[in-house]
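Below are the structure tokens for one structure; questions will follow.
Each chain carries a letter (A, B, C and D) given by its place in the written order, and its residues are counted from 1.
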Amino acid sequence: MSKKQKKRKICFVITSGIHYSRSKLILFELKKRKNVDLQIVVAASAILSMYSDVLALMKKDGFKCNAKITMVLEGGSPVAMAKTTGIGITEFTTVFENLSPDIVVVRGDRYEVLAPVIAAAYLNITIAHIEGGDVTGNIDESVRHAITKLSHIHFTTNEESKKRVMRMGELPGFVYDVGAPELEFVAKNNYRVSNEFINYLGVGDAVDINRPYIVVMQHPVTSEHGKNKDHIEETLHAIYDLKIPSIWFWPNVDAGTDEVSKGIRSFREEKNPSHMRFIKHIPPEEFIGLLKKTACLVGNSSSGIKECSYLGIPAVNIGSRQNGRMRASNVIDVGYDMKKIKKAIKAQIKHGVYQPSHMYYKKNTCKKICDILVSVDTYTQKFFYDGN
Amino acid sequence: MSKKQKKRKICFVITSGIHYSRSKLILFELKKRKNVDLQIVVAASAILSMYSDVLALMKKDGFKCNAKITMVLEGGSPVAMAKTTGIGITEFTTVFENLSPDIVVVRGDRYEVLAPVIAAAYLNITIAHIEGGDVTGNIDESVRHAITKLSHIHFTTNEESKKRVMRMGELPGFVYDVGAPELEFVAKNNYRVSNEFINYLGVGDAVDINRPYIVVMQHPVTSEHGKNKDHIEETLHAIYDLKIPSIWFWPNVDAGTDEVSKGIRSFREEKNPSHMRFIKHIPPEEFIGLLKKTACLVGNSSSGIKECSYLGIPAVNIGSRQNGRMRASNVIDVGYDMKKIKKAIKAQIKHGVYQPSHMYYKKNTCKKICDILVSVDTYTQKFFYDGN
Amino acid sequence: MSKKQKKRKICFVITSGIHYSRSKLILFELKKRKNVDLQIVVAASAILSMYSDVLALMKKDGFKCNAKITMVLEGGSPVAMAKTTGIGITEFTTVFENLSPDIVVVRGDRYEVLAPVIAAAYLNITIAHIEGGDVTGNIDESVRHAITKLSHIHFTTNEESKKRVMRMGELPGFVYDVGAPELEFVAKNNYRVSNEFINYLGVGDAVDINRPYIVVMQHPVTSEHGKNKDHIEETLHAIYDLKIPSIWFWPNVDAGTDEVSKGIRSFREEKNPSHMRFIKHIPPEEFIGLLKKTACLVGNSSSGIKECSYLGIPAVNIGSRQNGRMRASNVIDVGYDMKKIKKAIKAQIKHGVYQPSHMYYKKNTCKKICDILVSVDTYTQKFFYDGN
Amino acid sequence: MSKKQKKRKICFVITSGIHYSRSKLILFELKKRKNVDLQIVVAASAILSMYSDVLALMKKDGFKCNAKITMVLEGGSPVAMAKTTGIGITEFTTVFENLSPDIVVVRGDRYEVLAPVIAAAYLNITIAHIEGGDVTGNIDESVRHAITKLSHIHFTTNEESKKRVMRMGELPGFVYDVGAPELEFVAKNNYRVSNEFINYLGVGDAVDINRPYIVVMQHPVTSEHGKNKDHIEETLHAIYDLKIPSIWFWPNVDAGTDEVSKGIRSFREEKNPSHMRFIKHIPPEEFIGLLKKTACLVGNSSSGIKECSYLGIPAVNIGSRQNGRMRASNVIDVGYDMKKIKKAIKAQIKHGVYQPSHMYYKKNTCKKICDILVSVDTYTQKFFYDGN
């Protein structure tokens, strides 16, 4: 076999449920390519049934999981978050040593993503990073840019972020502004979610999604550890008072997750609220279906900024987690304050759907990413490019 | 006790022998301050007798070690290097949780330094970094800038590096160009090293340092793993042929250290060379004493670029490890080639001492660093500063 | 200071909530001793609020926690259980290195207890083990005897267990049959628990404990991983059908805990049962108060075998977890079978309180343990004693 | 495919160089079996070139390495030894999860062997242990019996050890006294080692093995940490004085290895001894060839007790490491005392070859082990057998 015919081994790392949803189209595209040997590593909260159903979804979608990595320490604390990352490095090192990929692909800014990035960098493997250059709050802000400085190929989701990545000294020829893969997924997805399905999932009261409803996604803020229970309570009481049917997602695995969960659990026991449903996770297509019909997205998920910008869905963004991230007109920002949250939700519902924005959207994002991953000249020794 | 009187807890992390030498003046300065509670954590190769004598030196100098961290995996391979970092994160997390410092101070670009930095960042502790913004080869280049993006306070050693740190989006008010602490140490040190002392250390032939001699410091290059034995052999044969007395330092702990050591050991067994001495480590003062009198520094240590620039000592820099680092006129760069190394050494010895350069030097570096560490407003939530 | 006056450093390790309850009297006794420097390390599920409240209880009781160890990996799987132990070893090593105790005291057979035991054994520290020599099912059976073979001083709770420990080759002079410390705690405790307190804790329906009630403690069985949800459902339906008020404790952290929790959560959502209350943890005194008044203890906790034997409380022991453990007449054993569980509970309630047994009880257990810990000649090099 | 035809997956764990030599015949036998899927995991010092050449030997012998595990922490200290074991557990868990063997086979008593044993036990995998029931000094004594209590199938090397394993409560049907596999290897090996080969290996003076020579194997004793340098110096000076050609093996990786190495290195630099050669490792066949012709084996290796008993080679056993191990008449025991060591060596050389002993030898050991591994009913839930 000549060297030209050798397949490029591309290893995609998935560490959370939403990460899979947002990367699905890329994975399908990579799987189709004849010259690619696709490897998928599923790690961290993506293998915990509490937080995701990625392994089952992958099976259904026909993907093989090359390695599972158990790495999340219990505790929901900064200590657990730090040690989880340490454990993750040792585990990813073993996995990459065995799989010996040509390129490792990671995405986003979650704390645990530093683990595969450091493992790959030290093993002299080329790293491609999706969604660099954004700015936000939380520890994510530090993590994302550290990942950029350890990575070799950059797929940004917007022009501003591309500029930032280049300013940080990355080689111009390796920074590609391709748009957000998750928005291509939103654009191509026509799934309609049913009452039956939603009320089969999760716990709480049944919710009629044929009438106006709110979706709530509020995750812990790691840098506000100790206050996350108070913060979720403001949101809980705001929406309880509004009496609008609501579908809540349990918080992700970041430090403070126990605080948010405890806030929700206590509230449920105390109030036994009649118009709220609480869901752990939902398949990607159904999630978009749910989002498309919601009257308002509430919380601090980047979905309010990204997916909703494209859909024009009104979003109420609470607190500091998305600080600094580029927004379309669909977002109203508020603090952790029940009254202000109520007021903002009312205003958004009254306003209704916004003009869609293509701020984060480009056509053929996933195809472009795959074309580049397949053909790019890999390199490992970085140097700071002063010419940008 | 009023808040004003509360001592600031400053935790200094030392992970290699040379790191201690280069930071000594800062430590003495911090120890003198009444409003500082100095904590010192010694980790990685700094606690391995093979590579350093830091614990003994600290004791002699009157410093207390608050925690020792055993973290280096044997193997001298990229795998060992990656896992060492992972283990280090879990260990530093425990240590920082117990010491609860206000500021963690790290320096340089060694791979394992990412461990205390990630631990501190995730624990919401302010991080100060010395020597950010430089460019070099090796994995160091990636590591240094990733540290910058996780740190809050930056002490650069030269104006170019300051500019780079700011370009990467760091807050202007927190980037200080203070010069290199190790050069202040060089400037203030009058130690003269004796034949007796040098020939008491290490193994090999006795060397008369009252006659012209070479000092060799050649470390493995992690991104050239597998070739380090060949590379050191070029240098060994070059100097063997030159028949000039030489003092060699064993390589540091980076991936490839076994290759370099093996090269030296095999060479010694085979040639039993008559004018070479091999030393593991030497106290800081004695090191500078040795450097001041050398006819030429050979290898790839940053000492050739930094300490020697200030002293005007001729340096032959071999290979890619210091690629891109700002140089004074005292440096000749060559590849891994016996003939070229011989030629360069001859030229440097013929040239003799250069005009000293203040490229990396400023007055009162260590005092300035301490003044800032004591008085700076600490913060933990980072955000990318677009205005630079 | 003469050597005689030197305090003996005794380090007590607590890794679960019930472990603290059962060791409380020993801790109080050790704290009183002038010649003892008591160190307490709290680790594993004992620091997770999901599973215990040990840190708060210790504070209330006036004990200082010398080190906390975050070590439990999420997942509730055998993989998580194994890796948790590995992580624990590295963490306990650091802690013991810093505390340098003369004796480390551990108890029981929980999987994670191997971590402090291996750390201490390799660091040449004397290990005292409470409750060796029992036989049970589960991985506990392997773990307990492995601990015995790594320990130096043995406190058994009954004569049979003492014989077994000696048969395994332990030195006769270091095996002490002192009785179960938890039974001394039961004997001395006069606390009466109130309706107000019980119904303040946990979630679910209010339960009137002035009328006959059942207490349920059913933990996962690690060697039956994958079947634990089915097994708890048998118990849930049995007690649901019986319509007797019941107080349930959530399962401990062993592999399979998610399966048991999920079984309980699904059942609650589906049935919204009217006479069941679910509690995470309860202070030691209140626990005994609750036990003393229960009509029947159901599940697979060793409390049914140990505490209840002394109190004569009827117990229905389900499944294999306590296989082989010495029982008094108060225990009826059944399989995972709803009908048989119902029948056994009915029979036990009909029978009422049994004649108390002193099978596991001796007077002054905790004082004896402390006397020995304080005066025993410590040793570290073990050898197999063939003479027993 | 019917269940009967399914191959049994047998995973053999190798953690040190000598371990491979001693297990070679078993591996060849397993590889021949059609109903066996042989998996080999190489870990710890067995993958460090400093200590062994196992990977190269396996390749030459036609074995595939299914997973390599980097786990040894540098430091040569008890802390490093304990943490290495912890790291090993997390690594072996990942490997066993991926390989999902039916049986894991381990051997001996080295500290790091607890890692695969705990990983397998917690993952509900059947464990077979070779060489249980022996008694020795060192931490090995604790480790070996702890392994027995976590294992399911026991292959002892002598009747005394079988009795001890059974006394510890193991099921009689699962304890097999099959003899020592390494002695079968000795019996079948006819290799003759040459001067050329020996003097190609290692460093030091050339040694003529056609004249009487000594072989020295002295490893650190973990429980005598801090004294190992003094102890090796007694041996070094004894043999230096005797002026008999000697072949030395560098110490293994146990805590204290740095002390022993330093003792040897300093001695070499100081004395430049003319009749000593120092070897890291040697292939299995050549090792036996060397042993067969030696005038005396000196040190504390079990080879003096086991291999030499069968060969009748005189052995001088120094210190506590082999305390309590059953000996044939070929062994003289001495303390760490230069004079006594000299005297014992002289006596042994004068005596010459002893009557061979079959104390540890049985015919067809390796075939028997494989027959049992292939056909035994595997089980995982242990229980203490009181009937022995």
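We adopt the following convention: a contact is a pair of C-beta atoms (placed from the backbone, for glycine too) under 8 Å apart; a residue touches a chain by one contact, two chains touch by 3 or more.
Keep in mind that this is a model prediction, so the values were computed, not measured.
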Message = Can you tell me which chain lies farthest from subunit B, using the average of the Cα atoms as each chain's centre?
response = C
Task = Between A-C and A-B, name the chain pair that shares the greater number of C-beta pairs in contact.
result = A-B
Inquiry  = Report the inter-centroid distance (CA atoms only) between subunit B and subunit C in whole Å.
reply    = 51
Query = Any idea how many Å lie between the Cα centroids of subunit A and subunit B?
reply = 39
Ask   = Which residues belonging to subunit B are in contact with no fewer than two other chains?
value = 79, 83, 87, 90-91, 97
Residue ranges of subunit B touching subunit D (in the complex, touch as defined) = 47-50, 70-75, 77, 79-80, 83, 87, 203, 253, 258, 265, 269
Key: Contacting residues of subunit A [partner subunit D, same complex]   = 67-69, 87, 90-91, 94-95, 97-98
Message = List the residues on subunit C that touch subunit D in their complex, please.
response = 78-79, 81-83, 85-91, 93, 97, 111, 114-115, 118-119, 121-124, 135, 137-139, 141-143, 145-150, 164, 167-169, 222-223, 225, 255, 320, 323-324, 380-384, 386
